[in-house]
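Read the structure below first, then the notes.
Letters A, B, C, D, E and F mark the chains as written, and numbering starts fresh at 1 in each.
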Amino acid sequence: MADEEYRRVDGRKVDELRPIKIIPSVLSRAEGSAYIEWGQNKALAAVFGPREALPQHIQNPTKALVNYVYRMATFSVPDRKSPKPGRREIEISKVSGEALEKAIFVERFPNTTIDIYVHIFDSNAGTRCAALTAASVALADAGIPMRDLVAACAVGRANGKIILDPCKDEEDASDAVDMPLAIMPRTKEVVLLQMDGLISKEDWKKAFEFGLKGCLEVYEIQKRALKHRYEALARTEQKAIKAVDKQLMDAAESLER
Amino acid sequence: MRDDILWELQADKVKDYLRRSQRLDGRALTDYRPFTLQLDFSKNAHGSCRVQLGKTDVIVGVKMDVAEPYPDTPDEGSITVGAEFTPLASPVFEPGPPDQNATELARVVDRCIRESKALDFKKLVIEEGSKVWFVFIDIYVANDCGNLFDASSLGALGALLNTKVPKLEDGKVVKGEYAGRLEVSKMPLLTTFAKIENSIVLDPALDEEKAMDARLSIGTTEERLISAMQKGLGGSFKQAEIEQCIDIAFEKSEELRDGLRKALKG
Amino acid sequence: MADEEYRRVDGRKVDELRPIKIIPSVLSRAEGSAYIEWGQNKALAAVFGPREALPQHIQNPTKALVNYVYRMATFSVPDRKSPKPGRREIEISKVSGEALEKAIFVERFPNTTIDIYVHIFDSNAGTRCAALTAASVALADAGIPMRDLVAACAVGRANGKIILDPCKDEEDASDAVDMPLAIMPRTKEVVLLQMDGLISKEDWKKAFEFGLKGCLEVYEIQKRALKHRYEALARTEQKAIKAVDKQLMDAAESLER
Amino acid sequence: MRDDILWELQADKVKDYLRRSQRLDGRALTDYRPFTLQLDFSKNAHGSCRVQLGKTDVIVGVKMDVAEPYPDTPDEGSITVGAEFTPLASPVFEPGPPDQNATELARVVDRCIRESKALDFKKLVIEEGSKVWFVFIDIYVANDCGNLFDASSLGALGALLNTKVPKLEDGKVVKGEYAGRLEVSKMPLLTTFAKIENSIVLDPALDEEKAMDARLSIGTTEERLISAMQKGLGGSFKQAEIEQCIDIAFEKSEELRDGLRKALKG
Amino acid sequence: MRDDILWELQADKVKDYLRRSQRLDGRALTDYRPFTLQLDFSKNAHGSCRVQLGKTDVIVGVKMDVAEPYPDTPDEGSITVGAEFTPLASPVFEPGPPDQNATELARVVDRCIRESKALDFKKLVIEEGSKVWFVFIDIYVANDCGNLFDASSLGALGALLNTKVPKLEDGKVVKGEYAGRLEVSKMPLLTTFAKIENSIVLDPALDEEKAMDARLSIGTTEERLISAMQKGLGGSFKQAEIEQCIDIAFEKSEELRDGLRKALKG
Amino acid sequence: MADEEYRRVDGRKVDELRPIKIIPSVLSRAEGSAYIEWGQNKALAAVFGPREALPQHIQNPTKALVNYVYRMATFSVPDRKSPKPGRREIEISKVSGEALEKAIFVERFPNTTIDIYVHIFDSNAGTRCAALTAASVALADAGIPMRDLVAACAVGRANGKIILDPCKDEEDASDAVDMPLAIMPRTKEVVLLQMDGLISKEDWKKAFEFGLKGCLEVYEIQKRALKHRYEALARTEQKAIKAVDKQLMDAAESLER
């Protein structure tokens, strides 16, 4: 069947993302935060810093450390996960932090650490991309200066089709390929790339291009979420300004009397 | 560091207000902050609930799993409560295994539920002596703005009331299929008080926690029975104060129960 | 049956404590110590400090930290306990340390830690109260200035009766309630209070009053133990003074000759 | 400390050379360093291989053990890859559990082998649902002079190709007796590139690693299929660069395979 | 810190005295300090013993538990010795898992008992290949005033001689009921020497330990056989010194055995 | 049978060592290193330091710390070992480090640590002695000033015979005795001594003397290995000198022209 007509297990087209919802500024105690829903995936991201890196011997005098911690709640997967972080979580934390490093102006904050924490509360494939996408919005929400957002999306293969944003059933196909990808959208530089599966170079290329397209769509959603937030903030500020104005006018009035 | 000084100033303000029987956020001494409940927050959990109590944000999930019973209670299943103060929740929490604060929280929530007998452990038996249900209740604190005890206890009860029992085939869980709801016969909840100088306030917000000398949590059921108590921190309570707190707990926990009942109806 | 006539599984009256023996100053390397036998329970408590709290960042510039560590020996319970501290031990350590804080003049020793270690070597219900009672005596033995001793005692319910100082069989009753309690006896301020079980307010009140009474009895035993110790110390000193006197007289005598 | 400065100077030199498309050790940009393989290094291992790639020294051993299958794949055995950066290998490695670098290495080597389907996990079943072979592949880094990924992947494949399957009697391993060789149907290997400023070099030596901005490892098989990819570090790659690396990986990994084939023949 | 200096001064005094073949506490070089034994210290233990050797205070408890045998000895039970230097015992001990000193102590006490064959591991079999007794011997140091090796070994032997074997029903332990005493056919004990400059003393007190260059522990039985040896610390022994220590150990360990025999009689 | 004629399970005489091969300077990133093969045993030893001991509070102002870490690879034993260090490895690390302390001039390097790491990759009894022997050569290779090398060798009993350097089969004999021994050969001072088994004093003495003899043989092998290394180094240096000479001559020549 032609790619255009093919419908996936959940009704999506081959190059269609699942619904994505991002809300910045959801956790009051973090300096920046974001909530993301990406299909069934649900995650919260929080950012703290730049703050002094401790113990001192880990400090880098030329740049901020990017400390990314990705964790899954015990109940966020079909079989209960142990509360202890597993090797998968450690690896994802490492490559995700590295993916953000290029986007952040780390050189402006020597000897500090920027701590990024993401917790997954529900999952159905693609959590590392959802987490990274949310983390990037949380960084912007924290006001940390960045070259660009980082937008992430997985791409893969199932049942002979190259598909964007595979869901769990598709990841379990016998010919499954899974390739999490993250880019800085303005330059299309690849900052995260992992792959498992067995694939020819031709198929890989097609998948990669699907992935780029997916990341660009995610980027639009990220920007929209931040824009909404800024507009809301602006409205709140506007109201605050109006309230102050009113107080001033009342005060002026009372003085006149 | 600077943060500490700010909190100290804020704590002083809390005390100033309380000397005039007022709270910084305008609440009466025995008011709860507004709260919202989101049941079924996680589809992969067998039951789940997100609680926002003021700005405090807690997510609780339940997983049921088949295991061998404890040797001294071959005819009973059990519950296991865990709590994680995720580093998202506060600038001072660090990633890592639960510290003593998280351990205390988990154990007090556990006792409040366990001792109320809301769950009949004997009904959690699948095959006496060899196979029983273990109900894992895991609490994740996502934002700490005070009174994690009540938020967690409410989240845990919400998640339990939302729990579906997995279907079994040949003693093994069939993924994604369920054999009905978990039976929860009571609604045990913690109500927590902070003692600040000579005042006692219900549902302390974070700035009140920074000012408090002692904490008292009382687990109650809708039948006006006490299922758990826990005094915390370096201060003390008088007998009369405790008795008064018990009465308030009976009364005010009903507001949480009503919220929960409403959420369950949809 | 009326409470006055009722006899418990071990022959005690409803408001009767098990036999308690406390010996201070039993461990030479600690700055203060105490051994306690409370029914079958056996524990040793040791106190070190006030000493510099390390690492520095845990120091509190306004008061001493009270670091209480409660542990059970592997063989102290019916089934062998793992040598690793369990969550129960961690919780008991926390609330017990907090219970002592009010009694100690912690504000006199900024930036220090007062370390209190208690190990249980045999047990039959009520070990946290026995431990706290011994720890309080060990603090006094260490000469740490205190507002009052802390006296602890559990109270509970079994087989329909409110009982003081439940033993293990009673803790296992189907209607069991267990309420560990600790007070500063002079003011009757409650510094430790925990409870499990399901109980009405009326019964709770009765239990609480039994508990207060129990704590006051424990307090008398603590004071007696410390008094014995001081008298023994005084006797030793007296002997030492006499010995010195004798030496002086001998010396004087030999000078006269 | 002083060590850091020396490495920085060395890294500057690496960059200087690369601006003229030269490498400090005289290699072409896509050359591997010379390597040696010592199969059957450890008699107590079921399979083992020591790899020296330049001065990098890695020892890999395989142990097969009988265990229960994972509940969701009752008809499959599995592999488990571990990596230890022993403190012998570098002045900066410390004894202790694997850090995130060792974890990443182990997991990428695992994926490269697993996804190539070089091992048919279904053939590792002894008794469906209850007994399967687990193949433990443990990597010990003895000297780190750069490119641990390719050295470890080569060592892991060498050890697997050298692995004898223990003899079973009544479902238990008979020590020191074997029932034949482990079937390994493909030769998956990692090929690793370093991006240093605008240059890309294959098989980075330690000084090149100190200068690199990003790393890309590509797992390939002799059928010119890709079985794994992993980008590492804070830098980035362009699409065209990745495509070029894939082609080079197909080609240059054959040199390692040839070395391995030679070693296997004796 | 100041403590360290005091110990150093004390250690100098120990050395001064020893140059005149004298000990600070007046003992002869090969004297043990007085000791007391309290058998059955813990009722919940299957066997227990508190030893006070001088001011050193050690509590040892035994628990027997049913477990699967080790795969290579299906017809044998075993012992497991653990040691904990509790923080009560010294201002320098900290709470936490056993450090290398506690590990060494536990393993040397283990070898002394195990190798003497005082316990016949074959008699600890309940059902060959599937169920055997494991004898857990746990040592708690409550006060450290020197020579933990001999105090612990004496406590361990005392606890074993005091051990009752739990009653079994359907292969499970019946709590609080016993089927007789554990069979202990020999009395293996450690005797420990400190080398301080050119002197060797038996049963070093704490100040002597602060002065010692090397330590030698010798496990012996009443049949004048050696069952274990362990040299510790940075100093050295000459052959003649070791031979002399062996003879003294045979002789002086009898004093401990006599004390134990007396305690057993009541 | 007389000891002289007796042949052991692997054909050796009672007082015969297994073949031993030692190669110093095998790991380029260590400051000193050695590879050892001792029968089936294979080990690598590496030395780092003296370097600043960290954290500071472990520093000894009168001497260097000797930090010895002995580890076995998971696959180096018949049954797969857990990757976590076991209690046996911890004990061996402790006594081996202590054995080297007397040989090193530790008093010359206050506040530092000398780190010695040994990993076992294949084993068949006697690994702690092989490790210590290799470590001693690695220390010399690192140029750390020593009073003497430390030479180690086990001795034992099997099937009624006192035997040097027991192999695994011999260690498993029903009357097995195993005694690892290490000395400083010049003075025959014993720096490591452990024993398990049950043995009379007479047999012990015989075993001990076998052991001393074994250690002295090992010492010769160590010295030979180091000598080879120094000669090779000297040859390399010689060549380097010749090369420089030639350059100078060439330069002189070209100047003359």
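Note that a residue touches a chain if its C-beta (ideal position, glycine included) is under 8 Å from a C-beta of that chain, and two chains touch if they have at least 3 such contacts.
Keep in mind that this is a model prediction, so the values were computed, not measured.
Path length between chain B and chain E in the chain contact graph, taken as the least number of steps between touching chains: 2.
Chains making contact with chain A as well as with chain B: none in this assembly. Set against the C-alpha centre of chain F, every other chain centre is closer than that of B.
Averaged C-alpha coordinates put the centre of chain A at 53 Å from the centre of chain C. Distance from the chain B centre to the chain C centre is 30 Å, each centre being the mean of its Cα atoms. A straight line joining the Cα centres of chain B and chain D is 48 Å long. In chain D, 71 are the positions where the chain touches two or more neighbouring chains simultaneously.
Judged by the touch criterion defined above, the protein chains form a single closed ring in which each chain touches exactly two others. From chain A, proceeding by way of chain B and on round the ring, the chains are encountered as A, B, C, E, F, D.
Those residues of chain E lying in contact with chain C across their complex are 41-46, 48, 55, 57, 59, 61-63, 65, 82, 84, 86-91, 95, 97, 136, 138, 140, 142-145, 175-176. The part of chain C that touches chain B in the complex is made up of residues 66, 79, 87-88, 90-91, 93-95, 98, 101-102, 106, 179, 184, 188-201, 204-205, 208, 212.
Chain B makes touch with chain C in their complex at residues 71-72, 100-101, 103-104, 106-107, 111, 114-117, 216, 221, 224-239, 242-243, 246-247, 250. The touching residues of chain A, counted against chain B in their complex, run 26-31, 33, 40, 42, 44-46, 48, 51, 69, 71, 73-78, 80, 83-85, 115, 117, 119, 121-124.
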